[in-house]
Every structure is written in structure tokens, then in C-alpha cells.
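These notes open a run of structures that come right after.
Paired with subunit B in one complex and with subunit C in the other, subunit A is shared by the two complexes that follow.
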Partner chain A sequence: MTTYSYYPGCSLKGTGKAYEESLLAVCGALGVELKELEDWNCCGATAYMAVEELSAFALAGRNLALAEQDPVDLLAPCSACYLVLNKTQRYVAEYPEIRQKVEQALKAAGLTYRGTAKIRHPLDVLVNDIGLKAISGKITKPLRGLRVVPYYGCQIVRPYATFDSQTHPVAMDQLLKATGAEVVKYPLKTRCCGGSQTGTLPEVGLRLAYILLKEAHKRGGDVLATVCPLCQFNLEGYQDKLASEYDDFVPMPVLYFTQLLGLALGLPAKQLGLRRSLVPSEPILARRNLHAA
Partner chain B sequence: MRLESENPLTLSNNGSSRIGFYVCHCGTNIAGVVDVQALAEYAAKLPGVVVSREYKYMCSDPGQELIQQDIKGNRLNRIVVASCSPHLHEQTFRTATAKGGLNPFYFHMVNIREHVSWVHEDRTRATQKAKALVRAAIQRVSFHKPLERKRVPIHPDVLILGGGIAGIHAALTMADAGKHVYLVERDPTIGGHMAKFDKTFPTLDCAACILTPKMSMVRAHPNITLWTYSEVTHVEGYVGNFKVKVKRKPRYIHEELCTGCLACVDACVYKDARYPDEFNLGLGKRKPIYIPFAQATPLVVLIDPETCIQFKSGKCKKTCVEACAERRAIDFEQREETKEIEVGTIILSTGFQVFDAKRIPNYGYGIYPNVYTALEIERLINASGPTAGEVVLRDGRKPQTVGIIHCVGSRDENTNRWCSRVCCMYSLKLAHLLKEHTGAEVYNFYIDIRTPGKGFEEFYDRLLKEGVHFIRGRVAEVTDWAMTPDEEGKLVIRAEDTLAGFVRRVPVDLVVLSVGLEGHADAEDVRRTFNITCSTEGFFLERHPKLAPVDTFTDGIFLAGCCQGPKDIPDTVAQAGAAAAQCMALIDRGYMEIEPNTAWIEEELCSGCHVCIAMCPYTAIHFDAQKKVAVLNEALCKGCGTCVAACPSGAAQQNLFRDEQLFAEVEGVLV
Partner chain C sequence: MTAIKQMMKYEADRDKEFAHWVTGVVGAEKIRQCIQCGMCSATCPLSIYMDYTPRRLIHLAREGFKQEVLGSFAIWLCASCYSCTVECPKQIKVTDVMYALKRRAIQEGAYPKRLPIPVLAREFYKMVRGHGRITEGRLVFNLFLKTNLLKMLGMTRLGLGLLRTGRFSFFKESIKHRKELGALLDAVKSSKEVAA
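And then the complex of A and B:
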């Protein structure tokens, strides 16, 4: 059994609950043990990093210092957490003045930081540690006929191309292909989803989400697969608004890649948080004769 | 390490030295950081120093004369100069020492430029370091011994590796001067990249028209032995006396019997050509028996055993053999052959490879069929190319709009950082030719237009007048994501127009990637075979970027063309001429002097343990079975010192690096 330390971050305990549920279910089915990091705190992403960079580094640094106490790799499923933890590790290593301040802050909390934690995204772990071959062997309900649009978002591969190409990632394409789904060629796979703009500048953020979903529909996609709770929320949560603003808008379910993988592994819908979706996926799954267990 | 001695006068000295010390300002290169006056004053007090001077340019004639006059006037018997790298001026000062009447090896050089002034900023500490290095040199020079340079004869034959325009030009230059040249080419034909080009910039003369006559001259020249489809596998020896093994791959055709009539190609059981044709970069097709292109030199067919039925199953009707009839040129049993030759000098002109555009996936090469590399477009435009010069897309349409993306794999932190020098001009050339052939609107996306050559800027002006569009901005991506109806079915080039200050989306039918130039993937193997050096970029390293641009650090081996760095045809030809002249200078002098900093083996001390023989990277040591001792060939020894360090009994020693010299030097630094 492969074991990882698991850092959920706020999203997976809140808006991204379906991500956590499906991730845990999939890991369970594939023999991957996740040990939730004890006493974890905010990763320091979004507003924190933009307004109070040093505090953000200290926050992320605390999580990394906690994770270092266990030699296993640290799994960070949310792209924002994944990026901030990676960024902190790199900045602390590169800039002595940041290192000094982060170390000082952690010392006050009785912690030491060495920079040894290995930060991993579940997509990386599934494709590179577990392997496509092992996963294919466990597929019991292949997603035959389902046209999935792979969408990676910005933070998982940029700026640090940790396990895939910065501009043309393929790991999720390969994983979805292994589930038996038909993977749609999607040139916008790393284009901005609108992210936090939707909260502050809705006219900018909404348009970005519209562009992604419209193109996904135009290319014949049934569902859009994502690796990030922010993208998922942003692309799914405003579809009613998009429908009222754009005449040609057609709603599309936005699922986590772990939910689709879970379906193909034959896991029950309830374990995969499918019912948490705002845009239900059941109709299209039914149309493709893919009823969840 | 303590840099300053409390009392430098306690240093050891063998008593009889009369040393002249000179520190060079090198303009402000050294004097700007090192206190040269203090250094000279310091050296004056060191034991054995009779004369100590500082001078603006020691390498100048008056600087050298200073040394000569002091030798005579002050009866000096040792000289130390603190200046630049020995690579640059050791020879200059040795000559000056000799002119003054001393053995040139009584001279020693201290590098306080590359090792001190260029790498330090703190004046006080830099001066301290310089003093320590000078003290070491003055200590060591007392123990120098007179040495003699040995002469080795130069074999008059030459090897040229690589039959592109560089190799062709160098070969013809030397062959015309009466030298015998072996021209070895890896591909089945000579001609290199230039043979694939349509026109050449900026004059637009046809590449084949100016190249193929030279190719024929190579084939016909009595002084040139042309071996195509061949590779050098082994090189040993040294300047003047290289022994080279050349592997001749089997063509399955007897070169001397084939007349190039192509009857066999016509007769092949495959009626149609069906395999990707290498010369046309896979855009055209060839049969298993083929010639690379119509003007291939030599015009001799070859058989590709990977696709030929006879090789795959042994059950072919062999209609090719029938067609060849009594000429009997075809031989399925032909084997690889190894030739051994002796040459005195070598020119490497192995060329370049183009950047693999797939490394930048956002430009869509290999993803979208209508994204081509510039080299592919050269073949499409060429009248003898796979489409007979008609520029058509993969679906047969004629392009109405074309986007040319500059700097693909050049000037890019993520791939290759250097400017490939030729892409701006070939992009302009292709823009002109594409417009001429198709009437399409052509958009160039560039970072900077670099046209520093004779007639180049004028050519750029001409294109502006022809109505070719120029957009200044590095392209973000090529995509088939259409936002508007007029983008449907097109490739959209997205780029920030840095002059207009907004992001453009330009829909085009054809995208041309102006791929950069890089060293061959196997440049490292070639480098090792010939024992030369390679820059980090994968191009072979010249001995000096300005003053020895075609020499390598290995005597007798020279460079020409793009294997040394990206360059256009005029520069390549000029460099090939220079390399030829360097070879001929050696050949016509007839001998080469070798440095005496070689090792030797003290027979009485050698226990015959073989350690040095295994360690020597130049195979300069062999074992004398009768005497049971190691024997060193001075001509092969490069003075690396490996055997000296390895020898457990102290039998291996080295001129200019004798124990007492090194101990004195170390003592000088540490005191």
C-alpha cells in the first residue's frame, strides 16, 4: 500500500467536498492510503499571497514544516494550495531574507523548516506513481461513449512545470483515455477560467468562463473534467448567469477528474459526491448508458 | 588562506637566480582592479628578483623589448610576467625571452587578469591575491630547467568530415592547391542543408544552381577521395600524424559500377514510391531503391534494407537486378567496410540540425497539419521538391494567408538562448517566395528583425514595399480555437503586438515556424572521437573567438561552418577557406613544433605496474615487455599529468611540473 500525507486545504472541506469524497474513494479503490496532515492551516493562497506575501509564505511554511515530520510525499489536490506550497518552497530556498523570516515565524510556533517535503498533485501521483497500466486493470465500468473535455486550469502547470508541460499538459488526457472515455481535443486546456475575477470583476470573469464552456460544447463535449476546486466552482457555479447573458450558451456539467475515474472504477455515485453538482451530470451519463452504481 | 607574508624574505631560493619581474596593466583590464605599482614594489623585494617593473601593455613591442634589454643589461636568467592567460601570450613572452638570449622555458607566466582582475572587485584583496600568485611564480621559476621543442613531420593528406557547403568548399580549395583530401559524408550524398534550399538570401539566386556545379567538381577532382554514407569511428595520433578509421556503410550497390541510370529504380517491384523520403523531410515518397535527389553526388543509387522486400523476406523477384543486367552493380551481400587512412590535418564541417518544433507544443507542430517548419517550406517551394514547386496545404488547398513565426527555438530561455543568425533573413526570403508563388497575404511575427549583412537591410526594405506584414511580438500560441466566423477552419496566431499594445488574433491557412539552428544531437560523440571541446550550447569550441576562430584546442584539427555556431552561407564559405588555409600552412611548412611540457618515465624507478598505461587518456604510454617498464611517446603526450599523479613509485614525471617546481610554487602561495 502506498501512503501519502494529505493536505486538503479549505476548498476540499467546503465547496470542493465532492473532490475530497471522490479522491478518497478513488484512492481507497486503488490501494492508496491518505493520512490527513494533523493541525493543518490555510495554505496562504489567493488574497493572502497577493496582499501579504510574507504572511502567506509563513502560513504555507507551517504546513510544510508539519508535513516534513513524516517522510512520505505530501498530496495537495487543490491547484491553489499546490502552487502556493511549491512557490513557498522555492522562494524560501532561493531568497535567504525570506527564509530567515519564515524560519523565525515558525520558531515562535516551535517548528523547524528544512524544505524537504515533496509536494505532489493527485494527477501526478495517479499517472506516475500508480500508473496508467495498473489503473486500466481496475476499470470495471469504462466510460465508453462519454466525450470528456480535459481542462487543467492555470496553476497546476504554471509557472512550475513540475510533472507536465507548461503549455500543453497531457497527464489528464492519458488518465481519461484509460477510463475508456473519448477525450476531446481542447486547445484551451490551460486558459484562465476566470478564477477570482468573477468575484471582483464579474464582466471579465464571466466572459472567460463562457469562452471555455462554449468551446467545450462546440467541440462536442459532454462534460468538462477539472483538477482544481476553484476552476470547478467558477465554471459550474455561474452557468445560470451565463445562460441569461449569452443566447448561445449551453449548460455543461463540470466534474472532477477523480469523479470520472471513480465512475469508471465502478464506485457508487454517493461516494463520488456526484449529487453535489449544481449542473447535474446524471442526464448525460444516462444518455450514454453510464448509470452510476 | 593567509595571503600576506609577515616576512617574505624568508622564502626559499636556490641562490643563483637573477629574476626579472614584469606586471602588465592591460590598459585598465588589470590596473583597474589590481594595484600594479604596489605589486611591482612587492615583487622587487622577493629573493632573487633583480628587476621589477610595471608596464601598460607588456605584449606590445616596447613591452617585449623591455624584457630583452633587461636580460642583457642585468644578466637576468629567469623571467616572470604577470598579465593575462597563458593561452593568449605565453608564446609571445617565451619568444621575447628567447630573443634576449635565454632558453624560453626559463620564463613563467602568472594570470592576474582572468584569475584576478576580471573576477574580483575589491582592490585591496585582489592585489593581495595577485601578490600571492606572483610570489608562487617567482619561487617556482628558479627551479625551471632549459627545455627543447621537438619537431614532428606533417602528413600532407587531409580529412574533411561533413560534405555540406563548408566541407565542399574547403575540399576544393585544398585539392586545387594539390593536396589530397578525403571528404567523408554521413549521408548518401554531399550537399548538406544547402542542397535542400530553394533560393538563397538576399540575392535570391537558386541554391542548386550555385551548389551542384561544386558538388560535381568534388566528384571529378583527382585529388579528392569522396566517401559518402560513411562515418569516422576512430581517430588516434596527433597533429601531422593522425590515424583514422572510416566506416563505409553498405549501399548494396557497387559505387564504381553504378552509372546512375536509375533503371533499377524504375524496375523496382513497388510501382509507386511509398516510403517517406528523407531528403524531402518526409513530404515526398521514395522507393526502397532510390537516389536522394536528382543531383545527388555521387549519383549512385542505394537500397534501404528496412523497406526492401529482398531484405525483409528474401522472396523478391529482384526486378532491379534484372534491370541492371550486365552492369551487375547491385549486391545484396555487400557488407560494411572499414578504411584506415593517415592524414596530417583534419577539418570538421559537420553542420547543424534544426530545432525540433515539437518542443514548443503551443505552436502546434505535429498537432495541426498545416503548421510547417521553414525547411519543409523550402522543399515545397522548390521546383524539384515533392510538389514540383507548388505551395499547397496538406489537404491540397492553396494558402491565402500565411503566418511566419520567427525565433522558434532561438532567443528563448525555455529552449535555446542564442540567436540563430540566419532565421530573420530566411524568413524574409520565404515571405517573398510564398507571396510570389501563391499571392497570399504574409504576416511575420518577430521579436527584432536582425539583418546585419551585405544587402540584407535592403532586402528587408524591399519586403516592406512588397506589402509583407510585420507584427512585433513573440507568438503565444497557434490554435484552431475560432472565436469569430472568419476564424473558422483557420489556424489562429495569437500574439501581443508590442508596437500597437494589444493582443492580436490573426487567422491564417499556413503557419511557418522559423526554427533555429543547434548542434547535432551526436555532437558529443564527434567531440569525443576527435578529442576537441564543445560549448554548452553543443557547438564545437574554437580556440579563440576572435583570433583563432577556426582552430580547436587540439593541434591540427580545424572547424568550418555551422558545427562551430550558426552562420549563413557567405560566412560558412569564408570560414571553410580559412580552415583550408590553416591546414595548408601546416602542410607546406612540413613540420610542427610540440610543446615540451610532456611527461617521461624514469626507467630505474618504474616497477612495471601498468597503472599509468590504463590511466593515460591519449594512449601515449605502452609497456616494454623486455625491460618490463612503461614507455612514453612524447609526441602523443599532451602533458595532462594524469600518469604523474597516478604513478605509485614516482617514476612518471613531467617537464614544467617537476616536484621541486610545484613544491616551490605551493610554498609561495601559502607563505
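And then the complex of A and C:
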């Protein structure tokens, strides 16, 4: 059994609950143990850095200092958390003045920072640690006939291409292929979903979601697969608004890649949080003769 | 009456301090090497909405056009997708420059008033300082409270959908060691911010 430290981040406890549920279920089925990082705090996302720079690094640094106390890799499923933790580690190493301030701040909280935590995304772990071969061997309900659009969004591969290409990532394509699904060619796979703009400036953010979903539909997709709770929320949460604003808009379920993998592993729908979708996926799954257990 | 405005600047109108400051920002080390190729603007998914595109902002900032830069909508439209940072042939970390400009605009109160984005940033910041974690439902509620409460009506359907699916969080999330987190953040505050 492989063990990882698990940093859920705020969204996986709220709007992204289905991501946490399906991730835990999939890891359980594949013999991966996740230990939630004790007393983790918010990573700061994109907002904190817009207000203060050094305390943003110190805030993320606290999580890294806590994670270092355990030598196992740290799993960060939310793309924003994944990026902020990675960025903090790099900037602390690169800029002595940031390092000094972060170390000093952590000392005030009784913590020490060495910079040894290894921050990983679950997609990276599934494809590169567990391996596609091992996963393929455990598929009991292949997603045959389901046309899945692989959408990566930005911060999982940018600016640090830690485990995949910055512009043409393929890890999720490979994983989805292993589930038996038909992977749709999708050139917009790393185009931004709008981040927090969808909530603050809907006239701007909604159009970004529309462009992504329209292209996914045009290319014959049945469902869109995401790796990030904010992408999932932006692309799924406003589809009724998109339908009233754009005549040619066709709704499409937006699932986490872990939910799709879970289905193929034969896990029950309830464990995968399928009922937490605002745009239900059951009709299209039924049409493709795929029924969740 | 139409207001007549000076549209071009004399050398003396430029803010040299600001120009100097921006070259010292983390990530802007190579800003003077910008060749104005426009790759940042071309790859930016939000540049079509900007008053100044990223390419223009970089140039305005390093030449000391402080008011234009800090008062622009463009810096707040940046969603931090890092496309520009990855594509820049001169390795200017444009996203980091945008962050620095946002911080300076907040410090100086120079951002466009009633724009909800800086309000969200500050509400987010306050919630994290106080509790160590974000409760999404509360954050969104605070945002509407501070900007436009009426707009919340348009979100009723989404809110109900999230409630029905158990995704709406209003119960306050918090870490256990709030005191230690406070001490940690205060320790940074008491020292000077880098390049700010």
C-alpha cells in the first residue's frame, strides 16, 4: 500500500465535494492510502497574492512546513493549491529575501521550513506512480462508447510543467483511454476557464465558459472531464445562464476525471458523488449503456 | 461639455519612482528587456476585454505611467492563467507583474471603484487571516454584501442547486491553530514587504 499526505484545500470541502469523494474512493480501490494533512490552512489561491506578497508565501509555507514532518509526497488535487504550493517552494529557494521572511514567519508559529516536501497532483500520481497498466488491469466496467473531452485548464501545467507539457498535456488523455472511453481531440484543453472572474464579472467569465463548452460539443463530446474544482464549477454552474444567453448552447455534464475513473473501476455512484452534479450525467451514461453501480 | 485631456505625456509627466519600483518587482527582473512583441496579449484569453493589453501595460509601467497602469481594469481582469508567463520570449513573469500592480493599486486605493474583483481579493484575504480557511458560501455572500446585493437574486437558482446537492457551505471552516497562524502572518507584516 502506497501512502500519501493529502492536502484537500477549501474547495474540496465545499463546492468540490464530489472531487474529494471520488478521489478517496478511487485511491481506496487502487490501494493508495491518503492521510489528510493535520490542520492545513488555505493556500491563498489567486486572491491572497493580490493583497500581500510575503504573507501569501508564508501562508502557503505553513502547509509545506507541516507536510515536511512526514516524508511521504503531498497530494494537492486542486490546481490552484497545487500551483501555489509549488510556486512558494520555488520562490523561497530562488529569492533569498523571500526565504528569510518566510522562515522568520514560520519560526514565530513554532515551525521550521526546509523545502523538502514533494507536491504532487493526483493525475501525476495515478499515471506515473500507480501506472496505466495497473489501472487497466482493474477496469471492470469500461466506459466503451463514451466520448470524453479532456480539459486540463491552466494551473495544473502552467507555469510549471512538472509532469506534463505546458501546452499539450496528455496524461489525462492516456488515463481516460485506459478506462475504455473514447477521448475527444480538444485543442482548447489548456485554455483558461476564467478563474474567479466568472463570479465577479460574469459578462466576461461566462463567455470563456461558453467558448470551451461550445467547442467540446462541436467535437462530439458527451461529457467534459476536469482536474480542478474551480474549472468544474465554472463550466457546470452557469449552464442555465449560458442556455438563455446563447441560442446554440447545448448543456454538457462536467465530471472530475476521478469520477470517470471510479465508474470504470465499478465503484458505486454514491461513492463518486455523481448526484452532486448540477448537470446530471446519468442520461448520457444510460444512452451509452453505461450504468453506475 | 467635453473635457479636454492631455493625451500625450512630456518626459516630466512620467513617474520615475514608479518606473524604478516596477523593475524591482519579483518576476519583473527582465522587464527592461521586453521587445514589445505582443505574445502576452495574443495568448491572453482576457485581453479582448482590457483597456490596456498586457503588452501595453508592461510598456506603460516601465516608463512610469503610474496612474494609467494602477487605474486600469486590465490588471484586475488577469485571471492568473500564466499563458503570458509561459510564452514570453524574454522570460518576463507577466503574471507576477500583474500581481504586483494589483497590490500597489490596493495600497494606493487607485483601483476602479465598484469593481468587484479587488473587493473579492480583500474579503478572501480577511477570511483567511481570521480563520485560516475559506468557507465558499460565506465568501460569496460577503462579496455581494459589499458590492451589489441585488445581483444575488440572479444567483438564487445556482445557490439552490448547490444546496440541493450538498455543495453549499455556510458552516464556518476554521483551522485549530488560529493563534499560531495569526503570529505567523503578523511576523511578516511587521517586516517590510519585498519590493513594495
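The rule is simple: the second predicted complex is superposed on the first by the 293 of 293 C-alpha atoms of A that agree within 3 Å, B and C clash if a C-alpha of one lies under 4 Å from a C-alpha of the other, contacts with A are read in each partner's own complex, and residues count from 1 in each chain.
Basically, a residue touches a chain if its C-beta (ideal position, glycine included) is under 8 Å from a C-beta of that chain, and two chains touch if they have at least 3 such contacts.
Please read all numbers here as calculations on a predicted model, not as lab measurements.
Residue contacts after overlaying the shared chain place A:Leu272 against neither subunit B nor subunit C.
Contact with neither subunit B nor subunit C is seen for A:Leu12 once the two complexes are overlaid on the shared chain. In the superposition on chain A, A:Cys78 makes contact with neither subunit B nor subunit C.
In the superposed three-chain model, the partner touching more residues of subunit A is C, compared with the other of subunit B and subunit C. Judged by the touch definition given at the top, the superposed model places A:Ala108 against subunit C, while subunit B stays out of reach.
When both complexes are overlaid on chain A, the residue A:Glu215 reaches subunit B alone and has no touch with subunit C.
Taken together, the two complexes place residues 167 of subunit A in contact with subunit B and also with subunit C.
Of all the residues in subunit B, the ones that touch subunit A in their complex are 360-362, 477, 479-481, 483. By the touch criterion given at the top, residues 10-11, 13-18, 39-42, 44-55, 58-59, 62, 91, 95, 97-98, 101-102, 104-111, 154-155, 158-159, 166-167, 191-192, 194-197, 199-201, 204, 208, 237-238, 240, 275-278 of subunit A touch subunit C in their complex.
In the complex of the two chains, the subunit C residues touching subunit A come out as 26, 45-46, 49, 77, 79-83, 85-86, 93, 95, 99-100, 102-103, 106, 116-118, 120-122, 124-125, 128, 132-137, 140, 143, 157-158, 161-162, 165-169, 173, 175-177, 180-181, 183-189, 191, 193-196. By the touch criterion given at the top, residues 165, 167-168, 187-188, 211, 215 of subunit A touch subunit B in their complex.
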